[in-house]
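The first chain written gets the first letter, and so on, giving A, B, C, D and E; residue counts start at 1 in each chain.
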Amino acid sequence: MSDLSVAPLASAAEDVPETVLDVRNLAVSIRTPDGVVNPVKGVDLSVRKGEILGVVGESGCGKSTTIKGVLKLLGPNSTVTADRIELAGHGDISGHSVKQMRGVRGRAVGFVVQNPFGSLNPIYTIERQFYELQKAHGTGVSKRQSRDIALAMLDGVGIVRPERVLDGYAHQLSGGMAQRVVIALATTLSPPLLFADEPTTGLDATVQAQILDLISGLVRDEGRSMLLVTHDLGVIAQYCQRVVVMYGGEVVEEGSVHDVMVTPTHPYTQKLIGSVPKPGEKLNVAR
Amino acid sequence: GGGGGSSDGGSDGVLSLAWSSTPTQLDPNVYTGLSWVHAVDGFMETLVEYDTSKASDDTVLGVDAVKPGLAESWEVSEDGKRYTFALRKGVKSEYGNELDADDVLWSFERMYSNPASLQAGVLLKSANVDPDEPVTKIDSHTVRVNLTAPSAIALSVLAYPIDGILDSDETKKHVTKEDPWAADWLAKNSASFGAYKVKSMDPGKEIRLEYNENYWGEKPEITEVIAKAVPDASARAQLLMSGDVDAIAEPPIDQLKKIDESANAEVSIQPDSNRHNLSFNLGDKALADPRVRKAISHAINREAIVESIYQGYAKPANSPQASGLMAGQPETGAYDPALAKKLLAEAGVDNGLKIDLSFSTARPGPYAENLARLVQSDLKAVGITANVKGVPSPADFEAAVSDRTMQAYLYSERPSQPDLGFSLFLYLHSGSALNKVGFADDEFDSIISKVLVTESGDERDAAIAEAMDIVVENEPIISLVEMPDLVGISSDLKGYVSLPTGGMKYDELKRG
Amino acid sequence: MSLVEISDVVKTFAARQRGADPVQALKGVSLSVDEGETVAIIGESGSGKSTLGKAALRLIDVDSGSIVVDGDDLGSLDARRMRAKRADMQVVFQEPFESLNPRLAIGSIIAEPLQIHRPDLGTTEIRRQVVQTMERVGLPEASANRLPGELSGGQQQRVGIARAVISRPKFLVLDEPTSSLDLSIRAQVLALLAELQQESRMAYLFVSHDMHTVEWISDRIAVMYLGEVVETAPTRQLFDAPTHAYTRTLLSARLSADPRDRHAYKAFAGDATVRQTSSEAST
Amino acid sequence: MTLAPVKGATVRTPRRVSTPWRLVLGRLGFLVAALFGVMTLSFLLVSVTPGDPARLIAGPLASDSQVEAIEAELGLDRPLGERYVDYVAGLVKGDLGTSYYSKQPIVDEIASKLPATLSLVLLAVLLAAVLGVVVGSLGAYFRGRWPDSVGRLFTGIFQAVPDFFLGLILIYLLFFVAGIAPAPAGQLAFSESPPPKVTGAIPIDALVAGDTALFVSSLQHLVLPVLTLALVYAAYFAKTARTTVGRALNSQQVHFARAMGLRERTVLRYAFVESRTTIVTYAGVIFAALLGGEAIVEKVFAWDGIGTWALNGILRLDLPVVQGMVLVAGALTLITYTLLDIVVGLLDPRIKHA
Amino acid sequence: MPDVFAAPRGHQLRLLVKQHPGATVGVAFIVLLLLASLFAPLPYDPTATNGSNALKAPGAEHWFGTDGAGGDVFSRVISAARIDLSLALAGTLLSLVVGLPLGLVASGKGRASDWLVRGLDAFQAFPLLILALALVSLSGNRLYMVVVAIALINVPRYIRLMRSEILSLRESRFIEAAIAMGATPGRITFRHLLPNVWGIVLVQTSLTIANAIVVIASLSFLGVGVSAPTPSWGGMIRDGAGNMSSGEWWIAGFAGIAVLLCVLAFNQLADAIGDRTARTYR
């Protein structure tokens, strides 16, 4: 990672606890015109330093809602409750106000989502979006410096001619490049923890692999931690250290990737793992 | 700057007026509605003029209430066919040209240049002015107006503003090949010998007059007149009550009380010959029978109409012609539904007469709609179904009146000459272009034709009385309401007298 | 002669954007599918897979080349005969919900091919066959009167399949039929497709992104790259000994779901704007 | 500028892409064709309507031969085709005919009335946009909570109230009851005279003439009519803004901006810039609709603009006026749409940088 | 063709009532108003006048007061619904009858539909109110011309709406699936395209009625279209406009409120239908 990037938490680096994020009993309820829904019902999970924690589960089981709930990113019609949300260096953030959360977001926790085009502002240049980020966190970085930092960040995520990207707009990028830009933005302020919500879904297999390599490199080389939401068991198997399996808004199984995937205990996990087609084998189809 | 109490921009010599519309042009030869006559009245000087000192409370200024204008004096020949006028000497137009007989000659020649002009077609014609030689020059300051027969209205016709005298020397400067009568120039400019001249004019928006320094008479208190178009009646009333204007034309009837109660202004009520009528197409079968018309007339409760819609500011029309033109006319149309039913039965239409009743809010006014509704209710009570129809376009409405395509309609009529004979001729003689109902009665025609060529006097009055009997018998037009001359006027403005021309003598107004 | 013979098909799209160059989606593609055979098409996004699938059904007209299905050259059929021919060839799309008319009851949707091609069958018979087919694909009979929006994604895709097979077609194009489904449901749908094929020996043209799926379901695989089929081989052979460089990249990007065989990623030098993040690049 | 072929992603770029110049030229081409259509329609409108303009011009006392003479003068006795050619030729020379009623050239009348309407409509649209966008954005931001409910209540009401009725209510409340607004009788107080004509728009001309009192007065007179139109159309803006800003607020880029810890203010701005093209488009559409569409409001306030002019023209059967109005409003609308396309194209990099 | 299977519908209506109380109240209001204007015994004859009872303020005897001719404002406001609403509905119906087939034609492929739409663009550049006014007034103020004028204003809207909706539907997967099934163009149109535009057409229809009510009121306000003594809201507003300045607000006031409420009701209904359509089918 570039030396130009700001590392505001450097002083706290020595006493970073083993656990970077510890969530206890997180529950979310959302009021909708059709009634109240509870997509997340008491989730516990923790991310340790230097690891990639995978979160799997079928569509709608509450994966995205869980991580949005942690960052208080859900809309005003939602209620998030938790016994505790410990974030290294910030203590329990479960009672944080929106204003306090602003300091956490982007700085302590970076966030990458599935649709890179949707994540970038279509009207502003990429450069401006880097600068807005600096401004928002009051880093006191000038426009010039911001550009230099951005150039370095883009270089860091493997973009060949970063100047051209900086001066352009989101729609001029390919999907893989746009996702790289998003990752660069998410890591500009060197957050020790990254949330990635299906960062490669919809990308081509080859590009997908590049992006996964990139983010796993960011964790490995720079001592970060990451929470990676995916529904691709291949991704879990290849990139994660530990995995959390969610079902119907609850965590049904948690453990090291090897344990969970080779010897799943929960019936849902078993079904999930059994449903990956293996040539020559009859599919484990449970209707 | 207005009168009243509010902010006063200019001096008190400025008179501000709100009219419902202002003229789009000023050429006296091109008929463009009443506001045009009023505007022309402001600057055009006539040979004779109405004498406001003769005004009374119940009748309008008559045809004889004239005084010298540009003519210092006049003589009428024995046979009543020659009017010799001695022109005032040293009278100068706003351009400094002196009035002489040639100006008079040219002015009349101009009036006859367009045979369809109001002057040639109606006014001078009904005063029997000889179209072949209307005026003869005697000397530089004496002219003679030639009539083909005696006329009672010769002088009042000459007092009508569009029959005024133009400064021919100046006007002729603006003559071109395509425009031999300088119509283009006169459309926006004045060229006469009156107390005022046109200062500026914005067609349809406003007109400004200012004192003519060369005026032969006394310098008036009012030295500038601004008239602006304010089409909305309540807005006009508002301007008057707030003191922004000195006078308003056509005040909204439903706000007259408010105006009277306001601190700044009052409603001037003076006699006039304006009447609101229920007119018919007499060619229509159902309405051809006089008994039906009489029945309709008796069915309508004029008192109630006057009390509600007109808030008591008008009078029920219970005489065949405007009472302001002649006192003591026979009474017609007394409210008597029983009689109405009886008449209908006699006419054989007692079971269900249906008529179409049209109205336009442009004439008689915005209240026409309610007037139509009241008339409809009254007619319903005697078994006549009136199918009321609003005609949104005033132009459409006037065209339908001329073409007699409407069975019955509400209308207003006001003769330009304050004379019963003229009025009878104008609206009921089969030869009159303004006989819009199509009344045609040979006996009536012959009497009125005689009246037109008879000088004022007993003989004429007797003939008129005879004609009136025919009108009473026939009720060709059912008059509903007699409208007085209503003007909303600032309380500090004195000296306003209603003129038969409809205009105002600004030079006689005083503040105080 | 195979059931489906696609030869030298070329398709160029006018540019979607004014000023841009036209897109050559298919640059002379040839492919055949036999009765009872599943041929998979893989390749990166935009390589022309869906276009080929549509061309095979003549849902789009091609610029040149021929498509022969069961002895009929589709290009030579007039509109009426083409419609009749469609009884033999059907399609299942990736987006189950969007493929179903949201206003029609499930039963009506499934009945539609019969109503079109077998008007001789009475309502009762059609109804019977619909119920039978629904049962076959594992849809509860009660859902016949429901609207598509009231079903889950997996059920919606079953409706799509039921509709595709009810007229007993000989040839089925499956354009990523499972990629929008959850893992467990995906497996069920794949198994269903395999069963159906065994029963009626349909020919499948199976478009997919997913290597695991393809590996499991297909007999032969065609690899497409930029509008061309760069390699065609029986499944096992392709996985064991890919000949084309692009195929190798695709295979290397495949992630095994078994944590026991973690392996390093091998990048393909296709995207020139992106610096290689991994050491080994092959061309 | 191309960075990379749009490939390797299932998320495709938005479809509307075109270079600015191509855009401008294409739209201008269409503009010319459409103007021609408007011209033809306006000609037909007047030529095929029943009625006898010659008699109308001649007046009630005219004889038949005089009417015929006028007919000949107007060319009404000639075949339709010939008249059309004349009409088009006249238009090309900037001659739209003469009003039957005022006898003034239509071009002059339009030139004198259009500035009043334009200043009214422009201010109204501007105010409506600001009001509406603020209310709508607040509603979108606080969706489902009280600012949204209150906003929607007013939006619903003002969208349902006919503008002329609102005008009357405002007159009643602000002029007659409260007495804070000037009399609804035109653009200036009765005693004031318009400043020397420069642009024709009184406030601007007053400023040019350096007459601040007149400037203030003209603004005061603008208040009620502008407010009337602005309130009604602000409701439309609010509704659109609520939807588009709401959609933008729910967009992933806004979520991402939040997740990056950007200030709420910035986040709102992000959402707003994304929806601004829609709002600008909407402003253009409303502006065009108001040209002529605000005629009744003009009438209510005795506003001497092209709306009142056209209304009176219709009621007076003054066909050249109707024709002129249709032509001018049509042309202005088309020009507005054309400008709009261009502006929107320039505002949105997705269109500009193709 | 009869459906082999059909989804039950009653459910939708119940949801509409439950989730959109505003729309429900609105519809109830319109229905009541219409029924009242047609059948209810009004306190006074709406066309009756009473010269001695003009301009009375609202009170026990005249709930909404009396107008300048002494007519009962309440009776007139209620009875105005008859003509105003039926004209609005007739105009809307005509717009539908003309607009829908044309819309279908315009959403076909090919140049003809392209040109039709371009023509519409040019036509819509016209000042529509002025055009409607000219149409009604130049044709001698016939009532059916009001209906025609409403259609003239709204037909282009239906055409554009249908076109944009159908063109995007044509791109959708289920149409592609229908083509793949061998469905004839007629079947595609009537079974797949049209049923999917009804929702939005219904929304537009509700908006059209609302708009038509305003157009009719605007016309009568200018004295065009419905004319006295037939009570109409626009006419009453015009009639009462002058009185407002002298404090008699109730003539124009109640008529204006009637227009406002009707428009509000139809707008609400449009919102509700739109919302339901979006929720159920998209």
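Keep in mind that, in the parts below, a contact is a pair of C-beta atoms (placed from the backbone, for glycine too) under 8 Å apart; a residue touches a chain by one contact, two chains touch by 3 or more.
What you are looking at is a predicted structure, and each value in this text was computed from that prediction instead of being measured.
Undergrad: Can you identify the chain nearest the overall CA centroid, using each chain's own CA centroid?
TA: Checking distances from each chain centre to the full centroid gives D.
Undergrad: By mean C-alpha coordinates, which chain is most distant from subunit C?
TA: So the farthest one, by centre of C-alpha atoms, is B.
Undergrad: Compare the CA centroid of subunit A with every other chain's and tell me the farthest one.
TA: Of all the other chains, the one whose centre lies farthest from subunit A is B.
Undergrad: Taking each chain's centre as its mean C-alpha position, how far apart are subunit D and subunit E in Å?
TA: 24
Undergrad: If you average the CA atoms of subunit B and of subunit D, how far apart do the two points sit, in angstrom?
TA: Distance between chain centres, rounded to whole Å: 42 Å.
Undergrad: Rounded to the nearest whole Å, what is the centre-to-centre distance of subunit B and subunit C, using the mean of the C-alpha atoms as each centre?
TA: 91
Undergrad: Between subunit A and subunit D, what's the gap in Å when you average each chain's C-alpha atoms?
TA: A distance of 49 Å separates the two centres.
Undergrad: Where in subunit A do residues touch two or more other chains at once?
TA: 174, 176-177, 204, 207
Undergrad: Find every residue in subunit C that makes contact with two or more other chains and list them.
TA: Subunit C, residues with two or more chain partners: 44-45, 271, 273.
Undergrad: Residues touching two or more other chains, restricted to subunit E: which are they?
TA: 137, 222, 241, 244-245, in rising order.
Undergrad: Under the definition above, what is the set of subunit E residues touching subunit D in their complex?
TA: So the residues of subunit E touching subunit D come out as 22, 118-119, 121-131, 133-134, 137-139, 210, 214, 217-218, 221-222, 237, 241, 244-245, 247, 249, 252-253, 256, 259-261, 263-264, 267-268.
Undergrad: List the residues on subunit B that touch subunit E in their complex, please.
TA: For this pair, the touching residues of subunit B are 232-234, 237-238, 252, 254-255, 258, 301, 304-305, 307-309, 359, 361, 366-367, 369-374, 376-377, 388-393, 396.
Undergrad: Over in the complex, which subunit E residues touch subunit B? Could you list them?
TA: Where subunit E meets subunit B, its residues are 47-55, 67-71, 137, 140-141, 222-224, 227-230, 235, 239, 241-246.
Undergrad: Quick one: in the complex, what on subunit C touches subunit E?
TA: 57, 59, 82-87, 89-91, 93, 95, 98-108, 111-113, 115-117, 123, 126-127, 130, 144-147, 149, 160, 163, 167
Undergrad: Where on subunit E is subunit C touching in the complex?
TA: 1-8, 172-174, 176-184, 187, 191-192, 195-196, 280-282
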